[in-house]
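One chain, subunit A, links the two complexes that follow: it is found with subunit B in the first and with subunit C in the second.
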Partner chain A sequence: MTHASSNKWLSYVLLTLLGFVMIYPLIWLFVSSFKTNQDIFGSSKLFADTYVWNSYSLGWAGTGQYGFQQFFVNTLKLVLPTVVLTIVSSVIVAYGFSRFTFPLRTLLFSLMMATLMLPDATVMIPRYILFNKLGWLDTYLPFIVPSAFATSAFFIYMLIQFFRGLPRELDESATIDGCNSFMILIRVLLPLCKPALFSVGIFQFIWTWNDFFNSIIYISSVKKFTVSLGLRLSLDASSAVSWNQVLAMSVVSVVPCILLFFLAQKYFVEGISTTGLKG
Partner chain B sequence: MQRLKGLNGFIALMLVFAIIISGCSSGNKDKENTGSSPDEKVTLRFSWWGGDGRHEATLAAIDAYKKVAPNVTIEAEYQGFDGYEQKVKTQLASATSADIIQLDVPWMKELTKNDFFLDLRNQEGLSLEGFDQDFLNNFSVYNDKMVALPSGVNAYALVINKTAADKLGVPTDIQWDWDTLYEEGKKLHEKDNTKYLLLADHGMLMQDFTNMLKQRTGTQWINEDYTLGFTKEEAAGALEWIDKAMKAGVYQPLGESDLFFGKTEQNPKWINQDIPIISAMSSTLLSLRSVLPEGVEVVTALPAIDKNAKNSAVLVRPSQLIAVSSKSKHPEESVKFLNWLMNDAEAAVILGDVRSIPASAPAQKAAVEAGKIDEAITKAVEMGLKNAGIVDNAVATNSEVSALLQDVIEKVAFGKLTPDKAAQELVSSLEKKLKELQGR
Partner chain C sequence: MTRKKRSFRYIGLIYVLPWILGLLIFQLYPFIASFYYSLTDYNMVNAPKFIGLDNYKQIFTNDPGFTQALKVTSIYVVLAVPVKLAFALFVAIVLSAKLKAINLFRTVYYLPSILGGSVAISVLWRFLFMKDGVVNSMLANVGIPSVDWLGNPDIALYTLGLLSVWQFGSSMVLFLAGIQQIPSDLYEAGSIDGASKTRMFFKITVPLLTPIVLFNLVMQMVNAFQEFTGAFVITSGGPMKSTYLYALKLYEEAFTFFKMGYASALSWVLFAIIMVVTGIIFKTSNRWVYYEDGGKTK
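Here is the complex of A and B:
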């Protein structure tokens, strides 16, 4: 008995230590947002001798014409439609691939998988030219519209795997009860794959929220900048950077992702464990 | 089944081709009438990268330009340095770039292979008189076209923390040469082994090495015709100095300083004032100073020059270049704005030194008179221009050549190769690479 409980204590101590190591960068980020440049880089100590308290207000106000309030609103305008449309479109496409047979199904499936393997850099320029011709540059459409057409093969594949794990007998019994194929999806399958949907949503939210490269390519006006662009707005090798303001805004921009994760944590963890994906 | 596979493959192939073809074909946009009357409303886009100071000052300048040309609206597209290069290249490739574009010198060789920029020679409303003509020829002219103007001048210099140097007994009023650097550095490190005289990452060591070569030979270190500008013995001599200096603790060990490559200002030894001198481009002075406590005095000096130097080898280059897109719908208005930004006294006073010291003489004068330019930076640039050395040719700055040099310098700095063997390796690998480059 004592042996078992001391074992338990030992593992708690180890886990706590490990947890602390994992979360230390975030703690450092938070504490450093109150330090001066000199303290941030000059010493490896967590706590400094002098603190500055205005980094959040100055950082939030931003420089030049626009502040972080604008950037946050912009990011939400971009991220929310993208996430919702990704979920809807990916579910429909995944449902089709997992439950129906139709002409060229294998070919289309392999094409879809092929896009998963395609490095992003290779499609960058063609995609840019396409959106340019459509006149979508400097808008959020290059992010929102493709998400309405299930362009992330990763999510489709993930959902297909999840659908395959749901027994077909459920569909059949629903058919007997008078459901058409769409109603089967809505009434029977969707409630069951809630964990997978949450995973898709959270992944897409965090990826789009943090995405820098695509945003910088498509968005030119500072008025439309997202948070990830706003954070790097003042970083340049040849000018003095107020790192505490940059770090302060990093803390603020991490908050929505953390909140979302904790709010949806239950479903999220279930989602990645049941689809067999390693998060 | 087998047949189907073949058919599938064929269809897939066709799809891929279709995608490639549709992606590559570029549309011919109808050119709008470029003649604009003075009252016509014109919108220009101006893109640049920078930090807070540059953003604020440039936005203020754009605001002031409204009074100069009320019919012109300028849309500012500014960001940090991250991603700017990729973005500009994408925009240029698809003809969506801003009308007025800030560019960096290393990109120009590649970008000027296409016809992206307006030839700024003989443009009405653009005065080139204020610029140093040699400087323009060296950095603005590519394929016989003047594609961009330097927005400011940057010079390689020693950035000296005078407060720390005084405390450590390091002289700050001498012209450094390699011997004095070695002796002072050795003395300092022997007195207190936590202190070093110089901070240099591999990039700066490479610069020191090529400077030493150029000063001793008086020529390019790699010639335009793909031959070496130095002998094995000369290379060994220079490497010997680096080896000697490393072992004596003149430089902070490379293993520590290279952790902060490209972000020298974050090096704790500099911040805690254990190292008084960095050799760096003058434009980085502001960020180097920003991490030091208030009241610390930072000055500049000419970089180390050999006592018997045949050439100073001091590097002077534009801080950035500004070009006008050849696809601009309003080239005349763009050129006029560029002229105002570069030459006008009012603009110069607003901008100050946010793009380093203005390259155009009247603008420089106005900014200096208004007290908008940091004294230490002015001094570095003035000294640099006065003592400007050979300008590296494109072969000498080729990235593959640099990679070979970096390899050898690192091996010496880490004590893995003796200077003699390193010189041998450098010469043989460079000769091989140069032959390969010439063949391309």
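Here is the complex of A and C:
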């Protein structure tokens, strides 16, 4: 009895300490975005004696011609269509795989699972050459168009798993009521898989929002920069001027993801545990 | 009736058609094309010129950058992935002890995985581990001399590895889900048979988690081989190319020098390496992964 409860107590202490270590960098980032350069460097204290309050407004305005307002709008222009199209296309394809038998189904399904393992690095260059030929460089089309074709097997698989959990009797009774297969999807199944749709949307939002590699490859003009690119720009540009502005914009750039994470936590954990890849 | 049946046979195909097109255009075609480009000299201005295996010859015999990138990446993968998974498993096991605040802890540990790949976190890492950054200041408080976390070629790679380990949350959530799915009657049966807690841990929990270990191992390994953002933003591959990960080499050849043929060959070498490592993991998995269908695993 005492053994078990002391064990539990030890677990709590351990987990709290670890949690503190895990989260401390983020707290430091937030607090330091209000500090002066002297307090950011060479000090182990979390709180400083003097604070500056203009780091956010100055950082937001940026140093060059375009500020973070532009970068935020750009990122939304890229992320939102990508998220919506990913959800729509993945649902349709997952429905096809989970509810119908058709020629070559097994082969196609295995192919889809194989693409989960296909390293992006292998397809990156021909894609770039293709998009270049299409005149899509320096636009958001390389992000948006592929998402309309359900190119992420991760999401399809996640939704297939979810569809499999919904009883087929639902479809059958709807068929008897005269629904065709598309109406069954829209009217019967979609309302039931809202949690899974949320999961897909949230994951895709955060991954696309944080994406750096594709952004740096495809977007070249500052006017079209995403938040990731803008942040790197300010890191390079502000050579030792005011680091708090860089930190402030780092905070701002992760705020949408943190908000989404806390608001939709349930879906996150659900999503990652039903399929659970990546991260 | 028969007619309806026949049209029914193809209806599923219509639903998966978008994916089939996407596969052909954005995955299969690029996959094959990159092999073709790897046999050419192509700078995106002139037409690709077929040069056979010259790119591969160059990679393996006359490219110190490749050797360095391969070395650095191998160390990174071999260290970061197992440490991250061990950590994830350990925390998941502690967390699974039916603690009240489990959801809070899970959230806190998972948060870094959400943000980890972003430029903001790379910026943060750079500040934390600068020579006069917070980490060194804290160490100074307890009398440890400062470490040049990002400037010392012997250490910088480990500092990046730490960033990867910090993001153990997503693997942990998977382990946790796995632990929670283990039927409790197995433990009940175990305790009736008089098995100790430790024994049950090694005879029930661990074997039933091995499929998840396998899955995490493969996915994390594939991702780690392609790690880019941290090394690019925090250290730019330096100092002295000590964090020159494979993805940086690939990026440089393709998008700085526009040697598309050469970069394609590099990407195929990476693909081959990942496939071989995955193959080895799967081959050995027969010996250490427990399958519930009762070991129909050759």
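Convention: the second predicted complex is superposed on the first by the 232 of 279 C-alpha atoms of A that agree within 3 Å, B and C clash if a C-alpha of one lies under 4 Å from a C-alpha of the other, contacts with A are read in each partner's own complex, and residues count from 1 in each chain.
Convention: a residue touches a chain if its C-beta (ideal position, glycine included) is under 8 Å from a C-beta of that chain, and two chains touch if they have at least 3 such contacts.
Bear in mind that the values here come from a model prediction, so they are computed numbers and not experimental data.
**Q** Please tell me which partner, subunit B or subunit C, touches more residues of subunit A.
**A** Of subunit B and subunit C, more residues of subunit A lie in contact with C.
**Q** Between subunit B (first) and subunit C (second), which, if any, makes contact with A:166: first, second, both or neither?
**A** neither
**Q** Considering only touches as defined above, state whether A:222 meets subunit B (first), subunit C (second), both or neither.
**A** After superposing on A, A:222 lies in contact with subunit B but is clear of subunit C.
**Q** Going by the contact rule set out at the top, does A:76 touch subunit B (first), subunit C (second), both, or neither?
**A** After superposing on A, A:76 lies clear of both subunit B and subunit C.
**Q** Once chain A of both complexes is superposed, is A:237 in touch with subunit B (first), subunit C (second), both, or neither?
**A** first
**Q** Quick check on the superposed pair: does A:190 touch subunit B, subunit C, both, or neither? Answer first, second, both or neither.
**A** neither
**Q** In the overlaid three-chain picture, which partner chain does A:129 touch, first (subunit B) or second (subunit C), both, or neither?
**A** Once the two structures are laid over each other on A, A:129 reaches both partners.
**Q** A:65 contacts which: subunit B (first), subunit C (second), both, neither?
**A** first
**Q** Counting only touches as set out at the top, which of subunit B and subunit C does A:37 meet: first, second, both, neither?
**A** first
**Q** Which partner chains sit in contact with A:89 here, subunit B, subunit C, both or neither? Use first/second/both/neither.
**A** Touch partner of A:89: subunit C, not subunit B.
**Q** Where on subunit A do subunit B and subunit C both make contact?
**A** Overlap of subunit B and subunit C footprints on subunit A: residues 41-44, 111, 124-130, 132, 212-213, 216-217, 229, 232, 235.
**Q** What residues on subunit B touch subunit A, complex-wise?
**A** So the residues of subunit B in touch with subunit A come to 8, 11-12, 15, 19-20, 22-24, 26-27, 45, 47, 49-56, 59, 75-84, 86-87, 90, 93-94, 96, 98, 262-263, 265-268, 271-272, 281, 283-284, 286-287, 289-293, 319, 354, 356.
**Q** Would you tell me which residues of subunit C are touching subunit A in their complex?
**A** 9-16, 18-23, 25-27, 29-31, 33-34, 37, 44, 91, 94-95, 97, 99, 101, 105-115, 117-121, 123-128, 130, 132-134, 137-138, 140-141, 166-167, 169-171, 173-174, 176-177, 215, 218-219, 222-223, 225-226, 228-229, 232-233, 247, 250-251, 254-255, 260, 263-264, 267-268, 270-271, 274, 278
**Q** Which residues, counting only subunit A, touch subunit C once they are in their complex?
**A** It is residues 7-8, 11-12, 14-15, 18-19, 22-23, 25-26, 28-29, 32, 40-44, 89, 92-93, 95-97, 99-103, 105, 108, 111-112, 115, 117-130, 132, 146, 148-151, 156, 181, 206-207, 209-213, 216-217, 227-229, 231-232, 235, 243, 246-247, 249-251, 253-254, 257-258, 261-262, 265, 268-269, 272-273, 276-279 of subunit A that touch subunit C.
**Q** Quick one: which bits of subunit A touch subunit B in the complex? Just the residue numbers, please.
**A** 37-38, 41-44, 63-65, 104, 106-107, 110-111, 114, 124-130, 132-133, 137, 212-213, 216-217, 220-222, 225, 229, 232-242
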